[in-house]
Amino acid sequence: MLQQLFFGYYAFMIIILSLLVVTRGNPVHSVMWMLLLFFHIAGLYLFLNAEFIAAIQVIVYAGAILVLFLFVVLLLNLREELSLRQIAGSWPAAFFIVAALFITVTAALGAYVQGPVGSYSIEAIRSETHTKALGRLLYTEYLFPFEIASLILLVAVVGAVVLAKRKLRS
Amino acid sequence: MVPLHWYLTLSAAVFMIGMFGFLTRRNIIIMFMSVELMLNAVNISLVSFSHYLQDMRGHILVFFVITVAAAEAAIGLAIIISLFRNKQTAHVDEMNEMKG
Amino acid sequence: MNSYALIPFLPLAAFVINILFGRKYLKENAHWVSILAVAGSWVLAVMALVDVLGGNTINFDLYTWMLSGGFKVSVGFLIDQLTVVMLIVVTTCSTLIHIYSVGYMHGDSGYYRFFAYLSLFTFSMLMLVMANNFLQLYFGWEGVGLCSYFLIGYYFNKKSASDAGKKAFIVNRFGDFGFGLGIFVVFLTFGTVYYEPVFSQAGGLAEATFNFLGYDVHLMTLIALLLFCGSVGKSAQIPLHVWLPDAMEGPTPVSALIHAATMVTAGVFLVARCSPIFSLSETALMVVALTGAITSLFAATIGLVQNDLKRIIAYSTVSQLGYMFLACGVGAYTAGIFHLYTHAFFKALLFLCAGSVMHAMGGELDIQKMGNLKKYMPVTYMTMLIASFSISGIPGLAGFFSKDEILWMAYAGESPVGKFVWAIGTLVAFLTAFYSFRLIFLTFHGKFRGTHDQEHHLHESPKSMTIPLMLLCVGAVAAGWVGIPALIGEKIGVHNYIAEFMKPVLGHPEGHGTHAEEMVVMLISIAVGLAGIGLAYFMYILRPELPARLAQQLSAVYRVLFNKYYVDELYSFIIVRPAIWIAKNVLIGITDARIIEAVVNGVPSAIAAFSSGLRKIQTGLMQHYATIMATGILIIVAIMLLR
Amino acid sequence: MPIAMPNLIPVMPELVMTGVAIILLMAELVIKRKETLGFLSLISVGLISYLLLGSAGTTFGGMFVSDGYSTFFKLIFMANLVLTVLISPKYLQTMRINFGEYYALTLFATLGMMLMASAADIIVLYLGLELMALSTYVLAGFIRYDMKSNEAAIKYLLLGAFASAILLYGTSLIYGLTGTTNLRDIAVYITHNGLAKNPLLMVSMIFFAVAFSFKIAAVPFHMWAPDAYEGAPTPITAFMSVGPKAAGFAVLGRVFLVAFGSVKTDWSVILIPIAVLTMAIGNILALSQTNIKRMLAYSSIAHAGYMLLGIIAGTPAGISSVLNYMFIYAFMNIGAFAIVIMLRTEGFAGEDISDYEGLGKTHPTAAALMLVFMFSLTGIPPMAGFMGKFYLFMSAINAGYTWIVIVAVLFSAISAYFYLRIVMLMYMKEPKEVIQLNTSPGIGLALAVTVSAVILIGILPAKVLALAQQAVTSF
């Protein structure tokens, strides 16, 4: 019961915060609500025994990505920004489409059948700690995707530098 | 015990809210954030699947999704900055030089 | 890879080299590439002949272009007795005419272009005769047609030349339509376009019919007649013969190679190649025989009164082609091919001599303005004389043996129309001898009737032209010696080699007649030949004023003949002018009614309007793009889940 | 804990590619002539292609598989890379964006495609896709001072991220249903546990279909393509129109035929309308374009529609004809773009279709080459495009989809209108102004390669087709 109450709180907050993020007129407010949202999602991850994921949710998502967003938002001329209409006039149509999709997808979710159960039970993860278990997998079984991810980050660095920093006209 | 369905429904809801934001917001940065919201929704469902299947793959995938999201944000924001330099706006309405 | 595959590809290589490097680099030396390539093909063709004489037939696929289910398109070669004969004819004539052109085309501005086309033609013709399937045959067929079209219109600045090119092209469309349809029916019937399976299965379908609009149509007759449509067009038979005389607007070597020796005989080759199909249909064979016989008579009578040097030879070609069809139609395919082979030599020779005369006369073609040329051009005279003897069927020369073979097979064969076509053939033999010698006498004998300038200019042609003449002359004399009929052969100890050689592919029906009958037929054909020559001698040497008087007395007949039975005018009246009238009045009338406009312009413009409307969806706004994506997802999900 | 060294032979081409890309990034700092970098990447492609031929095998716990299928696609990527590098330097100089990172990024993008083609696990597939996509976003926005290029990049990026999110949602669902991300294990699990009729599996499959349709620019998920193609630097447009599309088909084929092989009847219901719409919209909208890059963008959308026929057929013949077509398409499309690039000079965009008026008189060689490519794109024999279409359509007919083929032939007849319009303008109109051609040895070489490939494959199609047929036997 307590668990369900906890879940109820998180779910409620996540949905409310998500709605705030996508509906606030001021982009700075959106970013701030999103920060709060990410903390709540991290809390949900803790609840699901994923400490490491919760940690990077806070450190990478909230700490790095969102701050980057905030920087860029602040680059913009906020005053002018606020005077513009923020939401497209066609939002009812979009709402209808999204709502219909939500209904169909949740209806389909009703047909969910539990997949095969693996060996990483809660106890197994607890005994090894989540970070260690994940780290071990990343460096053994998932070494290959891990290396690809490193290349993606390299491309991101190179790309960002090329696009944003270099002087024009070599 | 919280049933898995609750998590899945929550994830679907957040995903759709993100999609709604993407379809309606006129500021590129907010559109970007809406996509991040959709990715977070996926992460929620992945982590909960992982938890209920007692498997680590979901966590691994979430790890990669966050990595990619960071990379995507870096490049996306770099493009927005160079766009901003040429045209002092982050508004999508101004970005229809090409159409038809 | 079999080296015989090089036979067509050497000329193709020459074409590519000439077209790529001719204008800038080769220029005056363009002929070397082409001549070497064609000569190379000739050597290989002779090797192929030796091979086939040794009893081998070669059938191989060079490469498969596409293969899909049962449908296979590939480049493949079949080298059997029939192919080899054609190969020898094509490569020999082509080589000699290439050499001749060096002198004839000397100084022409498009020298390299001429040789490039000539080589391309040779390639297409070789692909045609060497094909082992109908599609490749069709490819070669259209290829030679295209080259012919280019070469007829070679002097494209001259209106009559480009008109003639167009005429050839359009008239051939009629025939080729039927031909293409025929190949399609072959594919539908047999499920393949390869000769080997088609011909081996044809026998089993000899009685097959299918119901078309309530009529039972005999399948083999249908196929044979459709294929024959192509032959009629390409080989200029009635009613599609009108393009060939006009085609003489092209350079003379082209007339010799394409419009006498090789391309126009493709129709005969086609009938011979498909003899297993034609033999199954008595009706089709009868049509072939009658078409041939009527064409030969028709063209020969026109030839009697024409004054244009090349056109006379052109009508003679049409007439001789009719002869070949006549032979095929009575089932004597070997005789037809034999005549094709001898005809190639003496007719090419006639054209080249005509070219030589034109060369000397500064392009003059009217034989009424010539005369006494033998004094100035002895080589040309002698060779042309021999060619004329050969075509007239003087014993011992090439034309005699093949013509005699045809007449005897017509007379003694099993064809129900045999005796009738024999009679026509004999009459044509007489006419042929007459107009051939009319040409000789008017051109080379008597007094010179041209201008003084021309007379001053008269000269024998250069060596590069006379040597091919002499070589072809050898052919015109000796080519027939491989087909000496048993009647004579028994006495001098030789066989009818060509008939024996061709027997495996074409069969060799025996004539149902006695030796005495055969002797009589032969003597009649010799007699009419001599009579024709004699009459020509009488009319044009002894009594030169007679022809004009005759023309006056028989002016109606003369006019009909001189105007080629008014066929061109007839076509103009029943086809061309109505077509133009319809185009002008009816079509414009309908356009006014906006029907055509709606169909012709309306469909594209409707699509274009639709397109412009649809473009508006692409607004350039990302939310709209995403919304459309989301709508797409929703529709798909809804369909899949509610299904 | 002992860690076994994975077998590196199958990934050797990818490893070399990574190495070369990183070396290029570093060499960029010291090398002043940036074309040298392009040259270096060309050499590396030679080495990689050699390694590819001996790379068969599975490694990294079955996440990465190098088979005939992936190798064939990788050869297409190599051709794409080589041709793009050949046509780029002059353009980069003209546009004053001659940065060395360009070559490294094309290499990284190609690496991503190679990983996609070889991915046997959705995680690798996703990461390869993102590597390709992120590099391509940067390349699309490479002309930083040009608003159009920025716009192209941001549209591509945002919509691409949107599509990735959908892909990930599909992934999470399939993971939840089957507990695995390995394509083969998924297939096995689906058949053994009777999941084929599960609606959630359908949703997951639809999300995959949508994401891949986005990558191959199939209607209605194509909207990004015309804008991104028009705005991107032209060599990158050429690169994008072949590489990511081929990679999209590679994963589409592998995921749908391996993982979702047991629900083929369901996904063909999805793909058929997508294919028909794609052919319709692509061809119809191309009709009214005035910008040649945009026209070619719609044309590339339409070609994706044709290729979907092979996937829908789902037979080995169908898949091999897709491979065959993709290979042919790479050459004819990049060839056409090479001509577009030649018309670009400083201060003259040369992107308007009317700029082609009278090209036959002013630049006969360029016009003749364009004619060959236009004929091939239309599918006129004996150009390669005809053979490609022929095999695609035959495979669809043999699989029983005759009516779609009739639709395809109809739309391909419409396509003749806008392709041949270019030919008509080049040969039937008088030149308005004298257009200078911006040629370089690289473009010349690329054109020579593409035109000979288009003609040779048209005349001798058996070799490539046989390779493609051999490639699909492995799967």
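Each chain gets a letter, A, B, C and D, in the order it is written, and its residues are counted from 1.
In this text, contacts are C-beta pairs under 8 Å (C-beta built on N, C-alpha and C of every residue); 3 or more make two chains touch, one makes a residue touch a chain.
Values in this document were obtained by computation on a predicted structure and should not be read as measured data.
**Q** Using the touch definition from the top, list the chains contacting both subunit C and subunit D.
**A** A, B
**Q** Between subunit A and subunit D, what distance separates the C-alpha centroids? Give it in angstrom.
**A** Centre separation, subunit A to subunit D: 31 Å.
**Q** Distance between subunit A and subunit C based on Cα centroids, please, to the nearest Å.
**A** Result: the chain centres lie 79 Å from each other.
**Q** Calculate how many whole Å lie between the centre of subunit A and the centre of subunit B, each centre taken as the average of the chain's C-alpha atoms.
**A** 6
**Q** If you average the Cα atoms of subunit B and of subunit D to get two centres, how far apart are those centres in Å?
**A** 26
**Q** What residues in subunit B touch two or more of the other chains?
**A** Subunit B, residues with two or more chain partners: 8, 18-19, 22-26, 31-32, 49, 53, 55, 60, 64, 68, 71-72, 75, 79-80, 82, 95, 97-100.
**Q** Multi-chain contacts only, two chains or more: what residues does subunit A have there?
**A** 88, 90, 94, 97-98, 101, 104-105, 107-109, 112, 115-118, 142, 145, 149, 152, 155-156, 159, 161, 163
**Q** Could you say which residues in subunit C touch two or more other chains, in rising order?
**A** Where subunit C meets two or more other chains at a single residue, that happens at 615, 618, 620, 622-624, 626-627, 630-631, 633, 637, 641.
**Q** Testing understanding: with touching defined as stated, what is the shape of the graph linking the protein chains, line, ring, star, complete or other?
**A** It is complete, because no pair of chains fails to touch.
**Q** For a test of understanding, state which residues of subunit B touch subunit A in their complex under the given definition.
**A** Against subunit A, subunit B makes touches at 1-2, 4-10, 12-14, 16-21, 23-27, 29-30, 32-34, 36-37, 40, 43-44, 47-56, 59-60, 62-64, 66-75, 77-82, 84, 88-91.
**Q** Would you tell me which residues of subunit D are touching subunit C in their complex?
**A** For this pair, the touching residues of subunit D are 155, 158-159, 162-163, 166, 199, 202-203, 206-207, 209-210, 214, 220-221, 223-224, 226-227, 266, 269-270, 281, 284-285, 287-288, 387, 390-391, 394, 398, 414, 417, 459-462.
**Q** Which of the residues in subunit A come into contact with subunit D in the complex?
**A** 104-105, 107-109, 111-113, 115-118, 136, 139-145, 148-149, 151-152, 154-156, 158-159, 161-163, 166, 168-170
**Q** Can you tell me which positions in subunit A touch subunit B when the two form their complex?
**A** Interface residues on subunit A, with respect to subunit B: 3-4, 7, 11, 14-15, 18-19, 21-23, 27, 30-31, 34, 37-38, 41, 44-45, 48-50, 52-53, 56-57, 60-61, 64-65, 68-69, 71-73, 75-77, 81, 84-88, 90-91, 94-95, 97-99, 101-102, 105-106, 109-110, 112, 114-122, 124, 130, 133-134, 137-138, 142, 145, 149, 152-153, 155-157, 159-161, 163-164.
**Q** Using the touch definition up top, name the residues of subunit B that touch subunit C in the complex.
**A** Spelled out, the residues of subunit B in touch with subunit C are 19, 22-26, 31, 92-93, 95-100.
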